[in-house]
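Pasting in a structure now, in structure tokens, and then I'll have a few things to ask.
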Amino acid sequence: MMPDLGKYTEAVLSSYALSLLLLGLLVVLSLWRGRKVRSEMEQTELRISRDG
Amino acid sequence: MIALLLRDLKLAMRAGGGFGLGLVFFLIVTTLVPFAVGPQSDLLASIAPGVLWLGALLACLLSLDRLLALDWEDGTLDLLATAPLPLEAVVSVKALAHWITTGLPLVLAAPVFGVLLNLPAPGFFWLVASLAVGTPALSVVGTFGAALTVGLKRGGLLLSLLVLPLYVPTLIFGAEVARRGAQGMETGTPLLMLAGITLATIALLPFASAAVLRVNLR
Amino acid sequence: MIALLLRDLKLAMRAGGGFGLGLVFFLIVTTLVPFAVGPQSDLLASIAPGVLWLGALLACLLSLDRLLALDWEDGTLDLLATAPLPLEAVVSVKALAHWITTGLPLVLAAPVFGVLLNLPAPGFFWLVASLAVGTPALSVVGTFGAALTVGLKRGGLLLSLLVLPLYVPTLIFGAEVARRGAQGMETGTPLLMLAGITLATIALLPFASAAVLRVNLR
Amino acid sequence: MSIATKANAIWQYANPKKFLATTERVLPFFWISAAICLAVGLVWGFFFTPDDFRQGSTVKIIYLHVPSALMAINCWLMMLVTSLVWLVRRHHVSALAARAAAPIGVVMTLIALITGAIWGQPMWGTWWAWDPRLTSFLILFLFYLGYIALWEAIEDPDTAADLTSVLCLVGSVFAILSRYAVNFWNQGLHQGASVMRAGAVTGTDTTEKVSNVFFYPLFLCIIGFVLLFIALVLYRTGTEIRARRIRALLARERAGA
Amino acid sequence: MTLTVTDLAIARGGVPVLEGLGFALEPGQALVVRGPNGIGKTTLLRAIAGLQPPLSGRIEGAEDRIAYAGHSDGIKPTLSVTENLTFWAAVFGARGIEGALDAYDLHELADRHAGNLSAGQKRRLGLARLLVTGRPVWVLDEPTVSLDKEAVGKFADAVRAHLGQGGSALIATHIDLGLDATTLEVGPFRALPKPVDDFDGDFL
Amino acid sequence: MTLTVTDLAIARGGVPVLEGLGFALEPGQALVVRGPNGIGKTTLLRAIAGLQPPLSGRIEGAEDRIAYAGHSDGIKPTLSVTENLTFWAAVFGARGIEGALDAYDLHELADRHAGNLSAGQKRRLGLARLLVTGRPVWVLDEPTVSLDKEAVGKFADAVRAHLGQGGSALIATHIDLGLDATTLEVGPFRALPKPVDDFDGDFL
């Protein structure tokens, strides 16, 4: 299955690994912060409308 | 406006010799370079124009963070903003004062430092010419950076971060003129570009600086 | 004392990322060097250790002027001087905080910048080692300079002027270690000297800094 | 629809509530299609394309390198446009979108730089060369960092939006200037732009042409990166809007107390 | 010309602090702004001086007629008292600085560096600056901080003289100045928080 | 322990400003220092706090017992109110900061960045710092600058409570604090210029 990358195996694999890692990090961090901020906002809204 | 210029110059003189200090910093950088890269004179000669330009740029940069910050802290900027002077004029004058206290002495003293770094003989003229044409742009761009960061405590490093990439074109063309000059090559194009950058920044950036300053004063 | 250290670190983080910015300045200096001296990679490789050390030194230097000045301006130093902490401890902690926010990140990031300047492979280890051993001295000496100039408006350039000569020995030995390392030569002696300087400054300079600070507070 | 109402139709998304509601609906589409395009493009490119006769298997790096390089530039362009919109029409969503996009741009630039550096090692025998294209990317990276640092350093959101917008404007001009300066300073090693040239696919110039085998998966990857970028920007803008809303709510609470 | 403020709303740090504020300040009149700490007096004065845009409402007759003096005096410690004053006189279109030195009894200090003055002396210098601006509307934020009784008296005299020449003054202060002035209590104009569900484009 | 000052002479910028000054400050006592601008009150307080050496004379019972608050508050704008106070509490050997927040009604502002406070709110924070030092002798230079009436009252209460616990306070001010305190008028101790021909080793 794995294609033969010859003498450049390291180069190709490491660039794929690093790029996908960075992209993954970006997406995961965005989603994580998005979730956090969203729930924080809902809590704040709730609290404030409850308190008056 | 002239009053503002004179006051800025006077302040620079009073505060422990503003004129001298930029120069001395330049001197120190150029003396440190041989310590850092080793004393081979051909190596030094080949990097001399670049190092001198870099030294000038850093000397400018280092004096930037007080360019507007002091006036901000003691409320002078608030008062100037309500004075009959347009802010565009204020920032232009500030940039001019900065150039006179930092850029101009460097231009005049550059040949001496060239000697320290074994700059080849034909390079001297071009070094001075490139600095004379390029350093005003450094001051004007620096004023823009100072206006952007004026409200921030410890803006110093942020200021460098914002300003240095903006210095890239000036540095490239300036160092290129000096380097080509030192090697006796043709210098017309980069010098023209350098002059173009300087004129364009002088004509346009003060508006951006004033706008940014107005936002910061809010 | 730990409270002071934590506060300083917190302040550094708050003020727009104190950690990152020293690093970024280092990055910018290393980027500008090729613009100034030209892109030939063999030339760059031969000056790389020196340039990296010079960059580290300037990154330190640029962050010095706010090391004590902010605390002076808002009266914190007056209050600390009347607090139960001895001033010697205060300046030592300040130096430590400065090293953690500026020196340490530079040490960790230096290899990356080595790549940018085509540093020869064996040089990486020695570059990091020399920076790790040498940068604490830069912070301690810098604190002394900051204490000397703390009362002066626009102390920035004067501070550089005072501190740079004091940095010369550290720079010489540090760059020497890195250069010899890059060329595969023996590095024992300069590294030993560098370590000696660092230890001596850490042991002795805080007393000088505190004394000077006490005079400045009067 | 007349032109005027059409224009209004665009500006209504400047209302944060409307923006959130709309993006909520379209986001799943972007996420999914981005994932599909990227998965198909990358798998196709990685597993089912031949090696290049000169570059060997390293040519596979192109599927990450070129799209990220393109997006790094386009992201800055987008920030420029939204900054202008903020300065002229003062729609908060626009400023927040610029803020949300910057970190994406940084990552894209980083990916382009890293893959380029890894590619450079076998091809040019060095990780880094001061080639104009590479150098101008490094400068772009610095601009991104400065832009983000400025956002982070200023507390008042409107002030921050104003200042970063002006920085983005001025920075763009200087970025272009640097590009020419760098070109002038060093004619480098890097490939010319051929993917986007008209003759790239059909052209007969074999040295410059990217052959079809490489081109189709590359094209898919580019589309995938674009979609991913859009999804991320919309999502992150939503986050920024909510963060801003929290701020406003807390401030309101404070004022009421 | 009258300074007229109509239905003004102002914000600080993105939070509305005062709203619905209106007053008219005639030539020859002094208006003392009062209110507890943090109510928004400084913000109000800065808005009137044109340093920050109001949220809504109109300010008329302020353009280029205002001399503003805030918490910080804009004094350069390395310049002498005379040099500081001369500079501001030049910026505002030179008139002599003698009158200003007289009014606050600064002749003795005239050649001292401003950095070597005591807190009260510095403040006197800051107030003297108003006299060289030649502007008709003074907008002053806590002008008498650090002043002793005698200097407060001098300040009151200077304001009275200014009003006598058809000028006007808007002064925020917590203490009694001994001036014959109208008082504007800003407490009642405190901005009320808006209802929460109002998710508007301005995030206010 | 009593703070005793005997025959003190102090100089500022090389010029003697006060001389022959003496007083004793018992526990439970407050002493208000009064005098015109520029007479040397700030200089006196700094000398007593140990920040500058006196020309001559003795200061006893001051070492490590003084909490000083000058014109600037030592407040970090980027730290919150709580963080600022906690830091000083830690420096002076931790006690809770609750009492300090209570005394100046800072609970509402506790999470605000100190840079976003109004002038008076900032001052309140600066005064609250005194309560976390745990030091018995307060040396305060114009503490009520920018405070409104209510906050001045709070300050007076805090001083009274401090005196009640056996502390003492030395306060330089130009206004009336409503405190039951002795007044020290420093005017009479003004240093007389020495005869010119007295060319002594100290150039004084």
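Things to note:
Order as written gives the chain letters A, B, C, D, E and F; numbering starts at 1 within each chain.
Following the convention adopted for this analysis, a contact is a pair of C-beta atoms (placed from the backbone, for glycine too) under 8 Å apart; a residue touches a chain by one contact, two chains touch by 3 or more.
Predicted, not measured: the structure shown is a model, and the values here were computed from it.
Relative to the C-alpha centre of subunit D, the farthest chain centre belongs to F.
When C-beta pairs in contact are tallied for every pair of chains, the largest tally goes to B-C. Put simply, the chain farthest from subunit E by mean CA position is A.
Subunit B and subunit E have CA centres that are 37 Å apart. In this assembly, the C-alpha centroid of subunit B lies 24 Å from the C-alpha centroid of subunit C. Mean C-alpha position of subunit D lies 48 Å from that of subunit E. Looking at subunit B, one finds that residues 15, 73, 152-153, 155, 158, 161, 164-165, 168, 172, 218 touch two or more other chains. In subunit E, the positions touching at least two other chains are 13, 71, 78, 196. Among the residues of subunit A, those touching two or more other chains are numbered 45, 48. Contacts from subunit F toward subunit C in the complex involve residues 49-53, 64, 66-76, 78-79, 83, 86-88, 90-93, 129, 133.
Those residues of subunit C whose C-beta lies close enough to touch subunit B in the complex are 15-16, 18, 21-22, 24-25, 28, 32-33, 35-38, 43, 46-47, 49-51, 53-54, 57-58, 62-63, 65-66, 70, 73, 152-158, 160-161, 164-165, 167-168, 171-172, 175, 179. Put simply, subunit D touches subunit C in their complex at residues 117, 126-130, 135, 138-139, 142, 145, 149, 152-153, 185-186. Interface residues of subunit B facing subunit D in the complex, by the touch rule stated above, are 144, 148-149, 151-152, 155, 158, 161-162, 164-166, 168-169, 172-173, 176, 189-190, 193, 197, 205, 208, 211-212, 215-216, 218. Here subunit E touches subunit F in the complex through residues 13, 35-38, 42, 71, 116-121, 124, 142, 145-151, 174-175, going by the rule given at the top.
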